[in-house]
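Two complexes are shown next, each including subunit A; its partner changes from subunit B in the first to subunit C in the second.
== the complex of A and B ==
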């Protein structure tokens, strides 16, 4: 048993090293991906401009700065791109190679994702710091809430991964599963809090939006980071995140299992 | 000399007209194989363009009007944005991605060897016709916004709107070509078309909302506002002809730059195929 665990550990370490090397080799491409996620920073410029005349809802100008810089940084930690790789591999038969390896393709994708995180953060942190210096400081959360934030980030990362895998697995049955993902992404940009804090939506609508998985995957960790979610609200949010992770995780697992069974390995 | 040159140019133009038509027809036929794509990408793309207005409406909800743009004027702006993003995702984005794949794999050789201008071939090599649904939806939004906002559109306003819209489209293409040229140098730049897509989303906001530095950036470097905000203002009769001329000049400059960059890039292109 421990031998198998040791072997798995070595395999994981090897994949990590390869993925890290890949991430470094294509650093311009990585920088481009980081740039796509700078989007909250332009939202920051827009909203802080609008808030110049007075607070909007319960957000004054400095609040918008804190919110969107946090959104930008936290998006780097939770980013995933498995759906593109997975659907491509299913379509062109690249999955065959992965299935032959002594580890689950799912684990492979997860490690590949994690391995790119250090580079992403190294590219994103300077941008975040520059914006903070230009626009005013950010209050650091207390150690206790940092632990909660870590947990919440891990859940958000898992949620994103599960969504990516679930939608990517649809490629086992339909050819254009990435089109469905674009729809998800469109909803994500509006409903997750990347372009506007979800608490600013009109009363009634806001409650609905904040219960959706989009908010769980970005908006809530951001509110936790800037100290807007405390006490019962924090517990509630974490529970909601866990619930969504469980829902999408099991969906992804079911789709993956059924998909592999239906998979015919076209291509190579 | 000039008579002979123009006599030669007319069949040349016809040739390119036929070439573009043939390329579009071919990619339409390819595209029609993916019927699910039609429903998901076309109709839901339209839906998404409309949902994307949400942050703007949140702002209007709290502030009454955003820098002089009321609810219905914002609908007109969203319509302009939807038309442009529809054209981008239908025509330019697929062609850029396909051409970048050609560069990455070295199959650009086969494109360059053909007896026609390489840039024209590259810019027409793929086409996603279902996204044209978004263009139609955008037109409906513009008309509805003008109607419900009780805006009287004058003939000059319409003309100015069309002129700025055309300038915006040219600027978009020029920017796309520059991105394509960049991918000769750094491979794996497909991500750049995503950057463009994400950036285009800011075209939803009225120009006045942007801080001055960003407004300059989005007018002259990445001409987003030329494509969306200014045509909407022209339709609403709030744009002077001087500004229209300025915007046209920006687009023309970008086009010339793009063409020069393309010629340079192709000259430096060393085939990567086996």
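== the complex of A and C ==
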């Protein structure tokens, strides 16, 4: 048993090394990626402008700064791009290489994703710091909430990954799986809290939006980071996250298993 | 004879492909109701291979040879029938099975583009759980044989097609697979590189006793490498045997050619005349009549350049895959 665990650890380390080297080789495109995710900073400019005349809801101007900078940074920590890789590999037969290795292709994708995160964060962090210094509004999470934040980020990352794998696996059957992901992304931008804190939605609608997986994958960890989700609200949010991870994780696992059986191993 | 390394029984693969007429109207109709057509890529294949055999799958494009190879490698799941490779069912893709086989695809790169090949090799060492001492020995052996000692330290994207292919082979062989699947391994390579790769595969097979299964469009690859040939056409097995047996079966006549000062008046009595031009005569002659015909031709005035050959391989293949003649065998 510990022998297997040791081997798993070595494999993870090896994938990590090779992925890190790849991520460094792709650092320029990685920077471009980070820049394309600066959307929350655009929202920041918009909302802090609107809040200049007085607070909106319970968000004053500095609150918006803290919120959106956190949203920008936490999105880097939880980012996934597996849907592009996976659907591409299914369509062009690149998946063959992964399937022939004596290790799970899903584990490979997950670690590859994880290994690139530090570089993304290193690229994003200076941007966040500059914005904070210029706009003010720095909020340090309390040490106690830091552990919860870590857990919440891990769940948000897993949720994103599961959604990516589930949608990516649709490429086993249809050619338009990435188009479906664009739809998901559109909803994500509106409903995750990336463009507006979900608590500012009108009463009634807010409760619905805050129960959806979009909020679980970004809005909730952000609120946790800036101290707006504490006590029962924090526990509730974490449970909701775990629930969505379980739901999309099972969906992804089923689609992957059935997809591999339907796979046609494209390419002569 | 030892137990079979590869055993295939009643193997079938059906694909359903969306069917659609050309044009916008058909495209719109397909949105509402998709029609599928079932393509039988492989039908009722049956064969078995002994450990250490070198076998070539031969057939025209779309014949089902790559589909068969992918079912043996476990990449695609058969629609019906049994496959057993090294004692495993490939489609289950158990790690123990995957560690015993390797697949090299000439048209697909498997090495990471931006890293030197040596990083890829090191990665394989961990993933395939290769013992470090064993790994070092094998790496030295393979890199020396393929002469990639320098090449493997440059990023893969900077390598020529041939250099990259050599590195792909090293990566595929480090874990010492018992069965090596090669899908068009020499495609796009120049002649000397083709020869080098071919020679390497033969040598590797001889020294390590691995079973080698190859598909190739290049007849010469298959002829030079594989003592046994499986001809697959229309998803069916049409021939199983040596290249010589295949040649004799398709083109049983021998080609006899000679140059002489004067040619016989009626050469059609000796065999079918392929060419009669100036002082040169080329005949297709039944094997049992060859000694007699050769005797007669040698006796011609100033006879020279007498040669007896089998029909050229390309001609055999043309005959084999020309639809009207395909019925001749099998």
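Here, the second predicted complex is superposed on the first by the 265 of 268 C-alpha atoms of A that agree within 3 Å, B and C clash if a C-alpha of one lies under 4 Å from a C-alpha of the other, contacts with A are read in each partner's own complex, and residues count from 1 in each chain.
As a working rule, contacts are C-beta pairs under 8 Å (C-beta built on N, C-alpha and C of every residue); 3 or more make two chains touch, one makes a residue touch a chain.
This one's a predicted model, so the numbers in the text were calculated from it and none came from an experiment.
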Exercise. Here subunit A is shared; do subunit B and subunit C fit on it together or clash?
Worked result: fit
For this session: Look at A:10 in the shared chain and tell me whether it touches subunit B only, subunit C only, both, or neither; answer first, second, both or neither.
Result: second
Exercise. Looking at the overlay, what does A:201 touch: subunit B (first), subunit C (second), both, or neither?
Worked result: first
Seminar exercise, completed: The chain contacting more residues of subunit A, comparing subunit B with subunit C, is B
For this session: May I ask you to decide whether A:50 touches subunit B, subunit C, both, or neither, giving the answer as first, second, both or neither?
Result: first
Exercise. In the superposed arrangement, does A:2 touch subunit B (first), subunit C (second), both or neither?
Worked result: neither
For this session: Once the two structures are overlaid on A, work out the angle subunit B-subunit A-subunit C from the Cα centres, in steps of 10 degrees.
Result: 80
For this session: Could you say whether A:26 touches subunit B, subunit C, both of them, or neither, answering first, second, both or neither?
Result: both
Exercise. Of the two partner chains, subunit B (first) and subunit C (second), which one does A:35 touch, if any: first, second, both, or neither?
Worked result: first
For this session: Give, as a whole number of angstrom, the minimum Cα separation of subunit B and subunit C in the superposed three-chain arrangement.
Result: 5
For this session: Determine where on subunit A the residues touched by subunit B overlap those touched by subunit C, and list them.
Result: 26
For this session: Sort out for me which residues of subunit B touch subunit A in the complex.
Result: 34, 36-37, 40-41, 44-45, 48, 51-52, 54-55, 58-59, 61-63, 66, 186-189, 191-192, 194-195, 198-199, 201-202, 205, 209-211, 214
For this session: Mind listing the subunit A positions that touch subunit C in their complex?
Result: 7, 10-11, 13-15, 17-18, 21-22, 25-26, 93-94, 96-97, 99-103, 261, 263-265, 267-268
Exercise. Can you list the subunit C residues touching subunit A in their complex?
Worked result: 15, 61, 66-67, 70, 73-77, 91, 93, 95-96, 98-99, 101-103, 105, 107-108, 110, 112, 114-115, 119-120, 122-123, 126-129, 155, 183-184
Exercise. Across the complex, what residues on subunit A touch subunit B?
Worked result: 26, 28-29, 32-33, 35-36, 39, 42-43, 45-47, 49-50, 53, 56-57, 174-176, 179-180, 182-183, 186-187, 189-190, 195-196, 200-202
